[in-house]
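Several structures are given next for inspection.
Both complexes shown next keep subunit A, but they swap its partner, so subunit B is in the first and subunit C is in the second.
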Partner chain A sequence: MRKQRTAFFLLLPLLGVTALVLAACGFVLAQSLGHVPAFGLEELTFSYYLAIFRDGEFLRSLGVSLGIAAASALLAALLGTAVCAALTVGGRKGRGLTYVLRLPILVPHAVVALFTILLFSQTGLLARATFALGLIGDFTQFPQLLYTPGYQGAVAAYLWKEVPFVAYFTLALMSGVSDTLGEAAEDLGASPLRSFFSVTLPLSLPAVCRATLIIFIFAFGGYELPLLLGATVPKALPVEAYLAYMSPQLRDRPYAMAMYGVILALSVAMAALYAVLTRRLLRRMEGSGHE
Partner chain B sequence: MMALQIRDLSVSLGGEEILHNVSLTLQQGQFLSLLGPSGDGKSTLLKAVAGLVPVTGGQILLGGRDVTGLPTHRRGAVIVFQDLRLFPHMTAAENVAFPLKMRGVDRRRRLERAEELLERVHLSGCGRRRIATLSGGQQQRVALARALAAEPALLLLDEPFSSLDEDLREDMRRLVLALHREFAVTTVLVTHDQREALAMSDQVAVLLEGEIVQQGTPEAVYGHPVNRRAAEYFGRSACLAGRVEEGVFRSRCLTCPADLPAGRYQALLRPAALDLTAPGPLELTLAEKRFRGTDTLTRWAMADGTAVELPLPEPPPWPVGHRLRCRVDAAKLLFYPDEEDTSIG
Partner chain C sequence: MSRKAFSRLVLGVTAVCVLAPAALLLVWSVTGRWPWPRLTPETYSLRTLRELLLGSGGFLPLLGSSIALAGATAALATAVALLTARATAFYSFPGRGLARFCGILPLLVPGTVLAMGLHLAFLRLGLADTVVGVLLVHLVSALPYCIAILTDVTAAVGLALEEQAAVLGAPPLTAFRGATLPRLAPGILSSMSMAFTISYSQYFSTLLIGGGRVRTLALVLVPYIQSGDRPLAAAYAAVFTGSALLVFALFEWAIRRMERRGAL
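What follows is the complex of A and B.
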């Protein structure tokens, strides 16, 4: 009884914040459905959602954000898994490198954007180096990576941060599997490479998938990197939604809220997928004899 | 032919030497139990033989071939791990077929073989089940079948029965022995269960604090421990410090003939040397009795307080505190020269 009460008090701040977030979500949803009494809008309607889905600019923004999210998440998953595998194979010595891994995870996005500009812009370090080496005749020959409608700059910046994240997120599980089941596979005649691909990797996939989902949600809702490194048109969805929100036309507010509603819905769907994956992971590990 | 030869093997883990100059030999087709207390290096020795931990010195030969530098998957020494390590993302049959898959056997043939092996471990029809749906005993048998599928040159069993109920344990021991004979596979069993080691093996090796103190037949190892440490490991023995002079051993509680050069000795008194039914020189006081079903364990105190435990087939009629004098079979006492203990003269 007493323990429960202590737990309740300790959780109180979290419950408070959760309540606030839920209230804000409710507020966004209500406004997106046209309920803004302050502007004299009371009637609930789906018309704002219907309207934004007929709006070419919104659809392009949605496409841009989904593209950034998918490219960042998939590439980060692929490269991050490779880094993680290298660290696992490297054994204890390799695991010292995890400190290096943590660094990019800690650097704020705005700073990453600055790094990216310094490195990849047409007057950046790479462009100057290739020019100095005589590989390009003048700076405009350096490929345009930033401020492009393809958002390569934003994806590159996300990768710099999220490849280490995937590796770090997966490392505990993968090295655990490798030290037990991977070892067993080698003992049964599998070469280290086959042991990795037939046992360690398949059993580490749930962690990779979860990390991928986290990155997807994050990159999908991310504001700074697409704003700082992306094109003016088309804009990423969070940028577009923010501009709509800041519009002096107060009656446009429900359109902005509908965009946030879309971001919210997709994020919730991803979070649900995350929960399902986590449960599957737990079930798989049960009674497996390891751990 | 020698299936396994270990010469002066040393292994260090995390800067600490776990095994010190271990040597061991095992004939083709024999069953050896590696016996010792937990944490003294038994599992480490198995892993070193399988190539799962690096060695710092010495040699390991399997079937006459030096494998010390070979990677695990080329050695043919297969471990059944204490925690089994079955692959949770595969069915029972896929687990058993795994070593065959690694050897390039095609899918149909390897699944057929897996089914055969599952039948041998009394699991026919369980092939398509997921590992998590099997009981502990069933998982153990899958692990055994999987190890046999690898056709190991040496089968290494790392305390495989320790997690089972006593009934199941006995069944598993019988199954392991039957498979050992049927497949004629040289087997090393790691265990801290003395009865298990003595009952199952052709050879027993006692590993204490990272050293093999003795290897031999179970009768020899139990009957004639080479030193006091080995003897005490087998337990239930009381240690009497004393002196031999002119062929007579004298200690505080016991005086008896001993055909030994003069000097300080420790005499180990084991239950087998005591005969409660006949009067003799040793005075004992019953300190405790515990009925255990198949027998009753009694604990006796000698005149100087040293305790000796003695299992009796029938519950004794005496109450706790009962005093008697009993006979000691001097031929069954074990004498070890006393180097450490000089406090008793």
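What follows is the complex of A and C.
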């Protein structure tokens, strides 16, 4: 039995970091409940939350951010799983591509925003190609994909970064399952397709789901991409919250913090939902194993 | 469609989608004029390079400070992650599950909220607008990834060799340095490169907590993109990404070398 005291000392730096994270959340929540002593606000109240939920602009921002996060996370999961499956099937030859896949993980979001502008803006490469093919007569006829309330540009940029992330994140588990249980299923007469969809894919789902959750939380709270590629109205929630924070009206501070509070609460709720669902799924899988 | 054909198609499309924007960026960074509706630039120019190196932006000091900050984050995050990984992999104690949860906690708090909260905390602690404050927020952002990488590696390497060295009389630190550290080295390097990238790309947290006093490449790139000078923004982005890739390639090369030496 190794000494517990040593473990405690080894964990001290992590405890410090955890204290910082909890303090950060605490400050945001306290100010969102109206506790900003520096501005002479002391009384705790839910009124700032109630007020922003009656504000149409905030609700539209919330919708935009939820939409960006859901679209990016789900599409990235779907496409990323397909890429991962292709890598698993491709065997050793495809492994050179893992280097290519790591590129988007390394490239900063602001640079990805620039990629998106160079490709998808109305004078971007795609618009020029469409013109060269004679499909449009003028750049104004190319559909607006950037700076729109639909935030297609931001989602496209997230996908460029996150599809490879899902593939990379899932690859170890999926290729492990495929080499062992997937092969076994095929040896027992399952078609490759059947073996993939009934054995390899379900057993790889934990990694896919974890990656999806990480992307959802990241995109929901992301700032640069909606700032650089999004519409002026409605703004994404993190952009709107920062704008409210920068407001010269110091007494507006709790409204900004309430927006951050909503971002935090929904992210934690998503993580909790994920934890409950995966636990139930695991129990069901174990249960069906005993039948 | 056969399995191999499907695989090749998907991988081919993926490679093109990943690489094409990067190629487009490189072309734009040396573009002089590229009017609508031409498919290729009309003129090429090295204006952007001149402005980067000789302009008033102070590019080279900026590059240096960004690399130094990311390097410090990488070293610090990896050291903390290494200690955490050892504690949770080799010791059993009440609250071990909680310690593991603390390791992923920063992932559950979105980056903008984390940065804002830490900013409020740092205002109290006198760390706002300081390099230390920025370093700390980068550390918190990178740590969960480093812990995930190093926990796996630490568990895989195990304790057996280190305990043998201890039985033979080596003091604990010597046993760790001689028996375990060399075999952890590839994991340590991949943790460092992950933390480096995360710190290098931080925008919002550096903006908020650095308060404009701490300047990094990521920070100055955004206004260039907003300014609409595409060649200059592209040149900035290309050098920014290129330098990150270069550092990454160095780490990768070091990992390879160590693995080869370890295999002998």
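The rule is simple: the second predicted complex is superposed on the first by the 256 of 291 C-alpha atoms of A that agree within 3 Å, B and C clash if a C-alpha of one lies under 4 Å from a C-alpha of the other, contacts with A are read in each partner's own complex, and residues count from 1 in each chain.
By our rule, a contact is a pair of C-beta atoms (placed from the backbone, for glycine too) under 8 Å apart; a residue touches a chain by one contact, two chains touch by 3 or more.
Predicted, not measured: the structure shown is a model, and the values here were computed from it.
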Just checking: does A:135 make contact with subunit B only, subunit C only, both, or neither of them? Give me first, second, both or neither. neither
In the superposed arrangement, does A:123 touch subunit B (first), subunit C (second), both or neither? second
Between subunit B (first) and subunit C (second), which, if any, makes contact with A:107: first, second, both or neither? second
According to the stated criteria, A:192 is in contact with first (subunit B), second (subunit C), both, or neither; which is it? both
In the superposed arrangement, does A:233 touch subunit B (first), subunit C (second), both or neither? neither
Which superposed partner A:44 touches (first subunit B, second subunit C, both, neither): neither
When the two structures are overlaid on chain A, which partner does A:283 contact: first (subunit B), second (subunit C), both, or neither? first
Tell me which partner A:250 touches in the superposition: subunit B (first), subunit C (second), both or neither. neither
Tell me which partner touches more residues of subunit A in the superposed arrangement, subunit B or subunit C. C
May I ask you to decide whether A:74 touches subunit B, subunit C, both, or neither, giving the answer as first, second, both or neither? neither
Which parts of subunit A are touched by subunit B and by subunit C alike? 192
Residue ranges of subunit A in contact with subunit C within the complex: 1-4, 6-8, 10-15, 17-18, 20-21, 23-28, 31, 82-83, 85-87, 89-90, 94, 97, 100-101, 103-119, 123, 125, 127-129, 131-132, 139, 160, 163-164, 167, 192, 214, 217-218, 220-224, 227-228, 238, 241-242, 245, 257, 260, 263-264, 267-268, 271
Residues of subunit B touching subunit A in their complex? 50, 52, 71-73, 77-79, 81, 83-89, 98-99, 101-103, 131-134, 139, 143, 146-147, 150
Inside the complex, what are the residues of subunit C that reach subunit A? 3-4, 6-11, 14-15, 17-19, 21-22, 24-25, 28, 36-39, 79-80, 83-84, 86-87, 90-93, 99, 102-103, 105-114, 116-118, 120-121, 136, 139-140, 143, 147, 197, 200-201, 203-204, 218, 221-222, 225-226, 230, 233-234, 237, 240-241, 244-245, 248
Tell me, which parts of subunit A touch subunit B in their complex? 180-181, 183-192, 194-195, 198-199, 202-203, 283-290
